[in-house]
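Next come two complexes built around chain A: one with chain B, the other with chain C.
Right, the complex of A and B next:
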């Protein structure tokens, strides 16, 4: 534990272990038992590392920081020009990576049960998706930020296409075409910031901009802001690119969507905070971000209301609730940022509960459309209980976790003199409730039709060849519901991790 | 009067590549032509990034023994542009590979390369 502060041992491990696992399981290809053993032990190792790791930095170039008055230092506590590619593992990174590691372990467990063959490559993609999200949330330099986003976009396409259905392949194709546009924009944006400041380290660039009072005086900065916002919108699935992301969520296996939506939330948070740190001095920067967030919230929830398939309802609700996360960040105040970050944590948890329930519905053999299946409550009351808890959490009903974060967001909006935003957040909560309970009533609570054959293999490709719902899925549901209730009753357990980050972003933005 | 420099010409060439690539990606219906347009766009961005770091009469951004430490920051080209271009080439190739693979799969399924036909009626 006595590592030099700029050489934290856990950061390379959180990146290298999933990459090595991906290579290994890909090589093993079809050796099911070996792949299961490696993938499961690797995901548990990642969870353990994320839990026990202290906080600190990793300076990849290995050179000391340059102290302005003269001299060098390896300590991040002393102000110095860092001049290096840098990762930071702090309280925000810890809570998000711990949750993502937990979800990775469950998703790997489930996918080894669901897929019968050729799953080495698929599990490899899941581990790489984890890596891209871990990179983006820890990064503090432009180079790794850009690589993480680009790499992540390609992996999203890979994971979606892996389900092998034509709808998934089309969604992956469209997503990849647009990732090319967004990636090009981001590269130009970062190059412009670098051209303006001369620093690839984000902390250094912010310090330079602050010292030289670049702020709203530089036209180049506006162009860079525009391109970076474009990438943020695309990476997180915000309006107007939301149809691409909702197609991706709806077309992938529901268990894969758990990791896909987690990665998106991490991208939204990481890029949102970086944009705020870099451009909060620009006039209208926060207003632009806020407008995009509000439009995303409203469009997503309206589209969710129109769906007749549980899978697609969830796909659009994930988009809508991404807007809730970014509304908080866009407010730019300590309370707003805390609310946005807490919403991201909660959103990942309750959406995972709902997606697991959606995965379980596929095992009943009639898809997830509200017209094709009904009456699951009678044969599977526990599953029905789980989906209701997930829906209540998503709708912001106390004492579940969604309530706490939405309350903070509403208070933050009112604190900023924006009651209209508070009203929209409330409307999104109510509409989420209606959209979810429309599906839940039809699929779970409505009396059963003759078409339902409980426990038989599904015609859907996801569950081909399997009959019972895997026990690990119920275990995952129990754990996630437990977390949702605990965070709902004791929100400070999470808020203690998020306060520091919010304070730093607002008051000392050059500190990662 | 704007001075015509090598850097300006490079930026103009990059802009033309980006516009041609973007137009092709958005308006051409053939998937293979869309992929070719993407590579043009990617090349345009790479050229813009390299041009951004260009310094008239500059030197490579490597501090060699005997070179002046005082003059180095003023004469050296910006290294980030070429650095990001190297990675962008790799990412561009990976993206092209994924696009081609998906196009092949969809062509086998639908027997056409027209994006309008392939992407139509995607919901079950």
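Right, the complex of A and C next:
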């Protein structure tokens, strides 16, 4: 299953290249052309590395594993306690990082086209956001997981605050404040696990827990579980902290929200799998995770129905669909985990389609509220087509990708004897459809209201004051819609990447 | 959130949650008392001294050095985000009219009111503090302390200078310089991983100390030139009656310098911008 190589060349590059790019573009600050060149080349390089990389481990700093009987090894095939910080790049990591790299490339292209000067810092933050997500999905070490989450939380606040508006700054401040509490909680959890096992490597800690009777310490395990769940809830925006994350999604520019929601989904997946690997043996652990996921799904979709602004509808739907991802993982079965992981992949894709359409609406100059803009279908039929496809995919309509993952989730729930979960998933799909089409009808399909002055973003910017919708946005839409259709028709293209991870989590949890 | 909001049911829920959390943590630590598993830590202790007499430096910057690299990033990003909140790097979409950025105010900073005696003692105090910071960072591989500590100490000297003398203080570090220093610091730390990566594909393998390349099964080899360039400048001799033993901290002292630059740049920038606000105008322009 795992490749034994412990010095995989690609892993450091996926972390260090975006960091060096971020440092450089932050220094360049307002040198727009140089920033564009560096950022675009760097994002394409990352995509290429993610695509061609083989699988394997990276033992940073090249310290060996300690063989229990004596001696050292540099092979991951031999059982040994890890001295180095360990990352793993496997099939799950590949599919998620490839998608994230593709989205980073599109977001960087769009940002450098539509933003005014001084965007070096902002582009730098986007690259670092990518880094934080890549760290969390590849790392197999508690301490570094905590650093990754801390790093990521701070970056979320930065990306949101970058628009300088009062609503963004408030959202960023609230998020930063709670991140401090959550980070402290996670640190306590990891300290307890370290105290119990003595290993910061996740695989080693799980092996230690499997080989040693920790029955007398089950109370400590429960407390550690509780704090880790708290961090999971916070990092992914699950209930009851969902208002913090929805504020973040709604207050950021939609193109930035594409990366923010991707980072959240990756955190949910990575931390959810780690919690399962560590604590699935604890009574009630999966039930607690499942309850949180179901509440998140329902709260998110109800809140989405109440919104009158397309941005905020999407913000709450992202929350709700995060619950769909975690429902699958929380079921803890192979089918459930596959469904959860596939849902994460699909969710990232169709939410990105919808967010790109929302970004395009912004360029019409009348905001994204259903009361302030209408009749876009007439001037932009392609955009209208794209938003409808995105909405259908999000609502689980065949033959689009959302249908396949929701079907697997429903089957997994039924397989576990939980028909009520299957019914809730169906309800979420239907409600998603209603919430999205309320906005889509008002903004795109409803005839233009003469009392609302809507600009024409494709017109000459010097006379209208509005910029054209960048062509790269349409290219991104075309690519993502293509992926949504392909995964809807041939789901095995993604499922082949996810099966192995699900099997490992259930049957050999100490293998990353 | 206003404190008044914590009255009533919400306050009771918050109180109960706090009590549960406190009881859980207390119970766990009591249970762990005397039962902490040593796990991997004896192995770290066994190997650390082979690089540097300061075990902590070996752990933090070598054995777990990549952790510290990202942690260094937390400091860098903390500064970037704090300064962004005050105006540097705020972005706007071309075309659509958006809300103006929230106006920022700087502290009411009046160094003119500082007593004259403080001004006389300020300069020697700053010189001493900076010297202490340099002492810490240059001896980081052999004694306690390192880049973090040096950075904090020197940026404290900068803050003291601003408090006593204002913006034109003896250290006189400008915003552009501080941003550059922080960036160079983090980039230096990152790039210290490159020689090891090129030689062995292990990022941040310490080519100067080179503990493992001769061990059976180690993938890759460290060229002599890398061992010399990164190892010899920091090689130490420990003279004992059993003989003289040599060790080198390798890239650890360079990482410490990068760390120090990063912390001075990050903290200095936060101090400067919080005290005087941010303006995109060049320094010296009105």
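Simple rule for what comes next: the second predicted complex is superposed on the first by the 482 of 512 C-alpha atoms of A that agree within 3 Å, B and C clash if a C-alpha of one lies under 4 Å from a C-alpha of the other, contacts with A are read in each partner's own complex, and residues count from 1 in each chain.
In this section, a contact is a pair of C-beta atoms (placed from the backbone, for glycine too) under 8 Å apart; a residue touches a chain by one contact, two chains touch by 3 or more.
Everything quoted here is computed from the prediction, not taken from an experiment.
Student: Looking at chain A, which partner touches more of its residues: chain C or chain B?
Tutor: Comparing touch counts on chain A for chain B and chain C gives C.
Student: Just chain B (first), just chain C (second), both, or neither: which does A:183 touch?
Tutor: Only chain B; A:183 stays clear of chain C.
Student: Which partner does A:61 reach: the first (chain B), the second (chain C), both, or neither?
Tutor: Once the two structures are laid over each other on A, A:61 reaches chain C alone.
Student: With both complexes superposed on chain A, which partner does A:119 reach: first (chain B), second (chain C), both or neither?
Tutor: Touch partner of A:119: chain C, not chain B.
Student: Under the stated touch criterion, which partner chain does A:171 make contact with: chain B (first), chain C (second), both, or neither?
Tutor: Touch status of A:171: first partner only.
Student: Check the residue A:197 against both partner chains and state whether it touches chain B (first), chain C (second), both, or neither.
Tutor: So A:197 only meets chain C here.
Student: Once the structures are superposed on A, label A:143 by its partner contacts, choosing first (chain B), second (chain C), both or neither.
Tutor: both
Student: Output check: A:83 vs chain B and chain C. Expected answer is one of first, second, both, neither. What do you get?
Tutor: Second partner only.
Student: Tell me which partner A:157 touches in the superposition: chain B (first), chain C (second), both or neither.
Tutor: Both partners, chain B and chain C.
Student: Between chain B and chain C, which residues of chain A are contacted by each of them?
Tutor: Touching chain B in the first complex and chain C in the second, residues 143, 147, 150-151, 154, 157-158, 161, 166, 169, 172, 188, 192, 194-195, 198, 200 of chain A appear in both lists.
Student: Which stretch or stretches of chain A touch chain C in the complex?
Tutor: Chain A residues touching chain C: 5-9, 11-12, 16, 19-20, 23, 26-27, 29-30, 58-64, 66, 72-75, 81-85, 111, 114-116, 118-122, 124-125, 128, 131, 135, 141, 143-144, 147-148, 150-151, 154-155, 157-158, 161-166, 169, 172, 188, 192, 194-201, 204, 208, 217, 219-220, 223-224, 226, 253, 362-365, 455, 457, 461, 464-467.
Student: Using the touch definition from the top, list the residues of chain C that touch chain A in their complex.
Tutor: 24-25, 27-28, 31-32, 35-41, 43-44, 47, 62-67, 70-71, 73-74, 76-78, 80-81, 84-85, 87-102, 179-180, 183, 186-187, 190-191, 193, 196-197, 200-206, 212, 215, 217-220, 280
Student: For chain B, which residues count as touching chain A in their complex?
Tutor: 18, 22, 25, 31, 34, 38, 41-42, 45, 48-49, 52-53, 78, 80-81, 83-84, 87-88, 91, 94-95, 98-99, 102-103, 105-106, 109, 118-119, 122-124
Student: Can you list the residues on chain A that touch chain B in the complex?
Tutor: 142-143, 146-147, 150-151, 154, 157-158, 161, 166-167, 169-174, 176-177, 179-181, 183-184, 187-188, 190-192, 194-195, 198, 200, 247
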